[in-house]
Amino acid sequence: MNLVLHVWRQASPTVKGGFVRYEAKDISDHASFLEMLDIVNEQLTENGEEPIAFEHDCREGICGSCGLVINGVPHGPQHGAATCQLHMRHYKDGDQIWIEPWRAKAFPVVKDLVVDRGALDRIIQVGGYISARTGAVPDANATLIRKEHAELAMDAASCIGCGACVAACPNASAMLFVAAKVSHLGLLPQGQPERRDRVLNLVAQMDSEGFGSCTNHAECEASCPKQISIDFIARLNRDLFVASLAQTPERMVAGAG
Amino acid sequence: MRRVLSLYRSSVGKKILMAVTGVVFVLFVFAHMFGNLKAFYGPEKFNHYAEFLRDVGAPAFGHGQLLWLFRVVLLFAVVIHALAAFQLWRMSAVARPVPYARGLQPEESTYASRTMRWGGVILLAFVVYHLLHFTTGTAHPDFVPGAAYENLVIGFQSIPVVIAYLVAMGALCLHLYHGVWSGLQTLGVNHQRYNRYRRPLAVLVAGIVFIGFVSVPVAIAAGIIV
Amino acid sequence: MELDSKVPSGPIQEKWDKRKFELKLVNPANKRKYTVIVVGSGLAGASAAASLGELGYIVKCFCYQDSARRAHSIAAQGGINAAKNYQNDGDSIWRLFYDTVKGGDYRSREANVYRLAQVSNNIIDQCVAQGVPFAREYGGLLANRSFGGAQVSRTFYARGQTGQQLLVGAYHALAKEVGNGTVQMFPRTEMLDLVLVDGQARGIVVRDMVTGKVSSHAAHAVVLATGGYSNVYFFSTNAKGCNTTAIWRAHRRGAVFANPCFTQIHPTCIPRAGEYQSKLTLMSESLRNDGRIWVPKEQGENRPAAQIPDAERDYYLERLYPSFGNLTPRDIASRRAKEAVDDGRGVGLLKNGVYLDFRDAIQRLGKSVIEERYGNLFEMYERITGENPYAVPMRIYPAPHYTMGGLWVDYDLQSTIPGLFVIGEANFSDHGANRLGASALMQGLADGYFVLPYTISDYLARVGPTKTDPTHAAFGAVEREVGERVKKLLAVNGKLTVDTIHRDLGQVMWDACGMARSRGALEKGLEAIPEIRERFWREVRVPGRGEDFNQSLEKAGRLADFLELGELMCRDALHREESSGGHFREEFQTPEGEAKRDDERFAFVSAWEFTGVGSAPKLHQEPLSFENVPLSQRSYK
């Protein structure tokens, strides 16, 4: 099939970007979306132009590197899959495709379709973990965990940190990402001692990174490649409510609040 | 207080306060609506009800005292709700400096969810107008203090006023359709077994409130209530 | 060069304790005076960096992705082994040790493997404490499954995302230390060379992948945890960015490279669909539990699978290995599939796969049971191929997956360059000539959490907390070299894209040093590779600038190193005149076509020393002795 692409090109974080039109010719149904871009890039390179920069690594939907907004939908039209898992059989000859990066103040563009998602790492660094010093831990079966809770924690833990939730949110909010982390750890007995500090610190960091505020549109859930439920957002809200009223945190991070 | 303030400091906390004040509004709206419906029972019952509002709480409270207390609470709630809404609105507005070329394709959001903020502004404007209309009478051509029923009936004989109320109630309906569901989500009222009832509850609340409120002006405009 | 494995004396059960006791400790107050560089944030790198940070060292950790959490370890699906014996089915440290040595076809170091089995249990404890949501039973205990043909259920798993969950656990530990300020994280930073001062590893030269700036980092020791090099074949199950640059550069600086030709080919991957294909996707091996593998008996068969009657199908694994059937080990299943395809009996449009058929299983168990067992995998298959595996058989074909070879390390995980430690898939691991399923994750975490933090302290204590000096002339010299290489890559300005040349190299590697190797093919490969290398340096086109985010430049730099590594792999394969594990030399097989080891001549680790590009590397041998697991021939008949 032949396609017309409108791709966001931006040379660096500071310069203005814009759309450039490209033609993708003779694309097979079986090619993946990223392979289609590879083909375009090979041609650009051969013509002495700079190829389109886009992020990718595993190309099987687990590393969370890839992420394009395709015709206004993060990760494209296929639900429950990352951009790299999208195949061209979802398109037909003559389609026009608009390709943009994740757009959020907290995710500045690095180049073309590549953005800096360091904000998500910084959120984890203020407490999105369980402090378990290497070696200083009990036997793995010492604590029994209800299967149901373990499964629910696993649902939350399946987040790949791609940032599509932010990209899809009309408010550019990172609530689903934070909620998934808070829930994953908060659902497990090991996560209880730090549960309150964790939620307070993560939310404070999320706010200071410049994400928007959730209004429960549920767009995040729709574009999440792992289909993480917004029920976890309710859980986060509840945890934050309890934590705020129950105690003054001992380990508020500097600058939080 | 310190804890509430610390709650207010975070975006999620602000939302929780919005949801709490939202619950206050819903309760108020329901009470108000039941009051309004008294209009169908004729002037006596209705005026009696208006009087009751001023005497409620007696003898612990004097004439009109409890009503004023309610008003203060409501005013306070409106201030918090609106202030938080505007602050979060701003926060979200700056969170995406470069918009998507052709917008985001809505997948799960609803018209109601996307119009919460402007809908809220309409409601705020409406509340002001409503108070000027029926409480102070400033915006009422033939206002007679104390004659609640008469003010009501005369007020709604003007078709533009009825339309304004219909629009406002439409906005309220949408606001509640998303707001009730969203409020439950924000308050963390979330349980696998009951989650599927949250949406129907929102539909029910929004529907009842809409029908309950528009029935009076519509009935007056249609000449059912005279 | 003397290869001293530093394996402690004494009974195998006591070696690690003994070694730990002998190791010098760094005074707690002094730990902050030491800087350690960890390159890589996969299971091995993240666990090491976090543990070193906790101990109080100053740690600098590097990765090429935008976040530490995206290292390739994240892709592992199946699970992680440990000798917990939670299922009470007779597992033990000894049995895990035994299985791993035997599974590796007797080409690994016994003492290392024993230690791996010993610490395997601590890993599970550690991960659970971090909040890794392993699968559980209804009673709340951890669940296990049997994996890769093991006779005990010792594999812990988290749905089909075990690698992800373990990596997220290690990433959390790392993030905690970054938050505490003990670890400084450098994402999007690629190590391009190693710096030696007075013969000791003292730092690295890196390129900032956003700005293109080349700079140096100095430290008291350098740890490489940069993963495997399967991407030398272009097509592999690895992430696109996986590369050999870090270990290859260290090799060029003097670290010897062990068993480069030991690679693992995974039997159940989705075959290529076309020219444009960029990578291969692994399907869990568990599919072989219920799927039946077959090809048509006739060459050039064009009917759809459903129209081929049973009598005209060749269920070759069941025919050749009646007792193991479709569950024969990875290397055998892979090789037999290749034979069938090479024989012209392949299936699919490109005739490049074999069928993995669930028809009978669906008839026997019902669709719902199959759906429950493999639903996710079937979905994934359909997403990629557009074919519904409930209706038509899946097509599979083997693909490069894991590299057992890597930089040679001693018992302390130190390479032949003092102060350079290598962990995870990047070292020539504990897996000998073949890795058993679910044991790479175990090794990465064992190295990072429980071995390296001890052994590195010994080295640090010996060198002392001298000041590190990034202005030392050695850094400037290497920085210049790196800068010049970048310039050179950009200056060629030929006509061929990096991927075009990489595909050529991959094809040559696959033909010469893939699933089945022979003298003739290897010699041909050894002629072809230098030609491709020259073509690369003559005709590659790398658009863009060096001082910029430039993905073509990154790829070109990596390919340049693969082009040198490929040659070494072929040389190693040619030299090893035996078949062992994943290394199958066609000349050395039993009459039934099975791998034939030659313990007389080849019970050693081949460790190659770099002597220059295009010049023959120098071979060193570390003899292997098997005192606890008696040498025997594998048999799956």
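The first chain written gets the first letter, and so on, giving A, B and C; residue counts start at 1 in each chain.
Convention: a residue touches a chain if its C-beta (ideal position, glycine included) is under 8 Å from a C-beta of that chain, and two chains touch if they have at least 3 such contacts.
Keep in mind that what you see is a predicted model, and the values were worked out from it rather than measured.
Taken as a graph of touching chains, this assembly is arranged as a line, each chain contacting the next along an open chain of partners.
Chain pairs A-B and A-C differ in how many C-beta pairs they share in contact, with the greater number at A-C. Chain closest to the overall centre, judged by the mean of its C-alpha atoms against the mean of all protein C-alpha atoms: A.
Chain centres here are Cα means. That of subunit B falls 62 Å from that of subunit C.
In whole angstrom, the spacing between the mean C-alpha positions of subunit A and subunit B is 36. Centroid to centroid, with C-alpha atoms defining each point, subunit A and subunit C lie 27 Å apart. Across the interface of their complex, subunit A is touched by residues 2-3, 6-7, 9-16, 88, 91-110, 113-114, 116, 178, 181-182, 184-190, 192, 195 of subunit B.
By the touch rule above, subunit A contacts subunit C in their complex via residues 12, 28-32, 34-36, 38-39, 42, 44-46, 48-51, 53, 55-60, 62-65, 78, 81, 85, 87, 89, 110-111, 114, 116-118, 120-121, 124-135, 137-141, 143-147, 150-151, 153-154, 157-158, 160-161, 184-185, 188, 190-191, 253.
Of all the residues in subunit A, the ones that touch subunit B in their complex are 6, 8, 17, 19, 69, 71-73, 98, 100, 103-106, 168, 170-173, 175, 200, 203-204, 206-207, 210-219, 221-223, 230-231, 233-241, 244-245, 248, 257.
Contact residues on subunit C toward subunit A in their complex (touch as defined above): 47, 50-51, 54, 65-70, 72, 74-75, 84, 86, 122, 124-131, 133-142, 158-159, 161, 163-165, 168, 171-173, 175-176, 178-179, 185, 187, 210, 239-241, 273-274, 276-279, 281-282, 383-386, 449-450, 453, 495, 497, 499-500, 541, 543-544, 548-549, 551-552.
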